Amino acid sequence: MPQVSIKQYANIKSPKMVFSEDRLFSPMDVERKIARDLYEAVRDMPIISPHGHTDPSWFSENKNFTNATELFLAPDHYVFRMLYSQGIDLDDLCVSSRTGKPPTDPRKAWQTFAKNFYLMRGTASHIWLNHVFAEVFGFDIILDEHSADFYYDAINETLAQDNFKPRALFERFNIEVISTTESPIDELNHHKAILNSGWNGRIISAYRPDNVVDAEHENFYNDLPVFGELSGEDLGDFKSYLRAHQNRRAYFKSTGVTSSDHGHPTAQTADLSGAQADALYQKILTKKHDAKDASLFRAQMLTEFAKMSLEDGLVLQIHAGAYRNHNKKLFDKYGRDKGGDHPSPTDYIYSLKPLLDRFGNEKDLSIILFTLDETTYARELGPMAGHYPALKLGPAWWFNDCPEGMLKFRENITPSAGFYNTIGFNDDTRAFLSIPARHDMARRIDARYLASLVASHRLNMDEAHEIISDLTYKLPKAAYKL
Amino acid sequence: MPQVSIKQYANIKSPKMVFSEDRLFSPMDVERKIARDLYEAVRDMPIISPHGHTDPSWFSENKNFTNATELFLAPDHYVFRMLYSQGIDLDDLCVSSRTGKPPTDPRKAWQTFAKNFYLMRGTASHIWLNHVFAEVFGFDIILDEHSADFYYDAINETLAQDNFKPRALFERFNIEVISTTESPIDELNHHKAILNSGWNGRIISAYRPDNVVDAEHENFYNDLPVFGELSGEDLGDFKSYLRAHQNRRAYFKSTGVTSSDHGHPTAQTADLSGAQADALYQKILTKKHDAKDASLFRAQMLTEFAKMSLEDGLVLQIHAGAYRNHNKKLFDKYGRDKGGDHPSPTDYIYSLKPLLDRFGNEKDLSIILFTLDETTYARELGPMAGHYPALKLGPAWWFNDCPEGMLKFRENITPSAGFYNTIGFNDDTRAFLSIPARHDMARRIDARYLASLVASHRLNMDEAHEIISDLTYKLPKAAYKL
Amino acid sequence: MPQVSIKQYANIKSPKMVFSEDRLFSPMDVERKIARDLYEAVRDMPIISPHGHTDPSWFSENKNFTNATELFLAPDHYVFRMLYSQGIDLDDLCVSSRTGKPPTDPRKAWQTFAKNFYLMRGTASHIWLNHVFAEVFGFDIILDEHSADFYYDAINETLAQDNFKPRALFERFNIEVISTTESPIDELNHHKAILNSGWNGRIISAYRPDNVVDAEHENFYNDLPVFGELSGEDLGDFKSYLRAHQNRRAYFKSTGVTSSDHGHPTAQTADLSGAQADALYQKILTKKHDAKDASLFRAQMLTEFAKMSLEDGLVLQIHAGAYRNHNKKLFDKYGRDKGGDHPSPTDYIYSLKPLLDRFGNEKDLSIILFTLDETTYARELGPMAGHYPALKLGPAWWFNDCPEGMLKFRENITPSAGFYNTIGFNDDTRAFLSIPARHDMARRIDARYLASLVASHRLNMDEAHEIISDLTYKLPKAAYKL
């Protein structure tokens, strides 16, 4: 239990939290023993976090986090979407809207969260949060209405300590490298400040150009001139536009960046001629495009980025299939990333063909695919990654980043793509404190899956040890060229 | 073994039936023990049956059921479809066609069924029927060609007893409330007779207007005038048509009804202007519509019904995605509900958007979604129900209402929607005697799933007990406002 | 360990191979014991191989196989696709291109394979190959870079023995009957030579007319005249074209053939009038068709073949949904069957309706469906096969023919179609030596699945024994009329 604040909370009647050393392993004796053994070998390996959404200013400024609500509740759309689904207003949870922070008392928001924390049972967030509560803060009782204030006070007092500042946590978490995600119009000042600070934590960015690629992005026409300015290009034709990307990629690369990232509604790619591409670009520049044109332009750009990757060596990540901002009223009031995003059925076999016809056989190209559509694991992604030299598969993403989803990923992908066309784990999170919890879950589930193969005599222990060590450390480092 | 008839069947060589107290639990020791404990806590809870297709006349007239064939075989499309798939004629199973009952001897039909009962192995019906045979009638040998006559005679003698009349069974089954399903042109006379009978069994209806909403329904143009007459509306324009629904809903509500139900080929919704909707309605009234118009009208009506639900408080059920009457020749000869219905790929993320844009954020609206397309559990339904306040998920439906399907439902839905955006179990059956068997299966599978979470240290026993009790009793009562 | 060559390889440091008698069973004690018992009852049953791609000349000529590379590596696209995905050139694996064999030393290719054999971990090929290495050749160490030469020499020496000739292996493998697959322009000379040879191994063909049905097949216009000649038809109109098929089917049937097989990109069927079909045929004959016409013609032909099957009794197999030759550059250089094939989302419920409207209720017709789209198991194929008398389901195919895929097949199909609308196992392979390994895997997984039903008290052991024996032997013989 946390030492701080404990006296005033002597008689809390919340039940004990479950937090077993064997959590998430198969409860079957023979498998659990194997899983323990495999997990033990990788539990203390450094964390490689090659894709995520932490805020680089945390590490450049190294200020203390403020309070439990600001850290755990207000920014975590995994959590507040579930509360929202049960009729709780986002305002009551301190979630910012387009007009700013609501005037909600953060303690009151925390109490609402605590009282409804039972709604998270069975979800990945339930595991991550309990992990953080137990491992980082030392709680051993459940978060509920009775323990709400105790949690709130204890967390806040802990967060105020020097050894809970971002850099101290980064080191305590044994993170070897972490990648944030920035747009081409970001100057990466925080990253540069970190580089120049003398601190040797490795914080790099990833090149995420959606805001200057997707004509339907709300910031597209605002950001495009800035993009031109920063890249020294007039953007008058498609060639200049491509050069602008090349320039900004080179700038990103100069700060240590090794990857680009592309969040598209679909996996559609295209391979237009230069003239066709330029004509399309002009339509978009002059706002004479329709939805189909915007889609085709995004599709063409994936192929262009593959070409650039071949040239500059950045690894190409495709995060396809999120139907973002599905809840119109919520989006209008609260803006992006407020829980109104959902998976959508996503095609890969037809969509990626234009790109693969050009570059699929390139050994030196590394395209990492992610999907929200788990029905494509066995049907399309496994077989494709198990054939094309340029394709690798990112781990179970977002809604699938839960024990069930991770197991499905391995069970559906491995038969056709094996282990070595996958790239280990991504935490993909903005919840910094949950990073060890997420990597721990991934290691446990890999151990569980491998244990099932060993226990059914498909692998021996040496093979399983080699694989889990590769999945934990070698593969992500190699796949992202870290 | 049944006491009746037993002497004449002393030497039947059919093997013993399997009917273990641990059936359907995980055979893994640690999980089975937990599951037993959880199941024990809910096994005797009253049955809440908020959606189904029992015949209200059974309870108003309270006559004895006639014989085994009429009770178990002729009306159960789960059973006779399987026999039909192996080349057995429906006529030989006493299934009624459009021209009425075939002249088949019911005993002979039963013998055919018994001889082929092995075809049901591995299906849910195999479990349900064995449960009924063992628990309701006391059989302990398998139904096969050797035991066919013994079963037939013993069941018929039992059914003739007073304590096997519908009301007696209702009470013995510990049913707290059951909902049947009727169309707007039904006067609910049986329900009213029950209400006035002094018997305190709670039998309510649900408002199922497909026959006056779906212009492709074979009874649409016959039923529409009756609908107008009963509602006191001339149905001359869309407004009058909507008022007719409001009137009939009010009438249904006055008899205790708490829900409407909509069985649509897709989940398509629409949000037309008043003028557009009226124009579409006129096309349909005058039979100038095509298939697309009929589909759009159904889509628009789902949104209209959501609006009515907000006003009158009826819970809105959507059963989407059945491709009904797929077997043309069978439909032509035998009519509806003869096993020729199949699941079809069903979209929710695009289809529901028009309705959700209007009403998705309404906390006081309760839309319960069902699907036959289990690939949408993790990809669409879980994430959507885990976000929209108006959405809840009904249990695994029809072809998915089997141990495997129920487990998939929990494993795929819980990570994104938790337990509390689901609504417990529906038996959805016209097979009255199987109702306890179906609820028993649901309770066992929930116990099994929760046991797996406890055994992998994701929940403690107190949490699991609270959840299974909520799933069994509290959630269905609350979701259906019972 | 192989006796040959062993002396010179005394000090190989490769680890021991895992090859347990309990492999692939559930590691759960109670289930494993049941599975062992069930498997034991069928392990030595004869192999029925009613669909596959072995080369009939092996059995007519009965020559020794040449070397390990030619036998295991160069022809096995399951294996070399995985190696290719990791950047290894097909030329380095002795894979033939359109211009013939590459000048690669087969031993060197084998070494490359051995060094990268770890890539296959977790795949079905890993199990099959280890089975062959252990059972057929007696290896007990893993294939890796250290054991590469030992394996190569020992395999080659073994293959040179008389008792490793194709017919000897056929007998040793206890194969009762095997079907190859030939096109209508094949004269089946090898099959006839076998029939006339006095050897009593039963090697039959299957009628696979894709090359004279699919206008998009690269050989269509070359093969059509040969087809006309062999069938004695001028092919001038659709009726003559149909007669040509009837003639060739009759010829195939006269050599013992019992089935036709159709590998279509989709499951689309059509039911055109005679005039429409003839007009379409003329378009194709005169190369005035487009892709849609080619597709419609294939669709129509499935219905025509169903009609022929009703007449001549050949079982109709449909292998739908492979996107073949997806990798354009690879196809251009290496041709067909080089690993560039992938599953694609495949519809059945709409696609098969035209055919089923005509013939779905025919008890004497046997259509065996295969899919690469495992999302259709529970949603479409199980329910359809559990209703239509004419439909049966083939086993998990190709990418799904792995322990995970086979289990998914049973778990998703059985609840709606039971066991008796499935037809047992197909190995579907050109890898002759792996046939016992593949059937062994299928028997083990069926035992595993049945054990799970017995252990959760859904079946008794007698029922499970009857089922596994039917799945192994009776059902495939009956389904293929062997």
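In order of appearance the chains are A, B and C, and numbering begins at 1 in each one.
Just so it is clear, a contact is a pair of C-beta atoms (placed from the backbone, for glycine too) under 8 Å apart; a residue touches a chain by one contact, two chains touch by 3 or more.
Note that the coordinates shown come from a computational prediction; the quantities given were computed from them, not determined experimentally.
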item: Copy-to-copy rotation for subunit B and subunit C - C-alpha atoms, rounded to a multiple of 5°; value: 120
item: Same vs different contact residues, subunit A with subunit C, by half of numbers used; value: different
item: For subunit A paired with subunit C, centre-to-centre distance based on mean C-alpha positions, whole Å; value: 40
item: Junction residues of subunit C, two or more chains touched; value: 28, 375
item: Interfacial residue positions of subunit A with respect to subunit C in the complex; value: 28, 30-31, 347, 349-350, 353, 356-357, 360-361, 363, 375, 378-380, 382-389, 391, 411-412, 414-421, 452-453, 455-460, 462-463, 466-467
item: Of all residues in subunit A, those that touch subunit B in their complex; value: 15-20, 22-28, 81-82, 84-87, 118-124, 126-127, 323, 326-330, 339-340, 342-345, 372-375, 399-400, 402-405
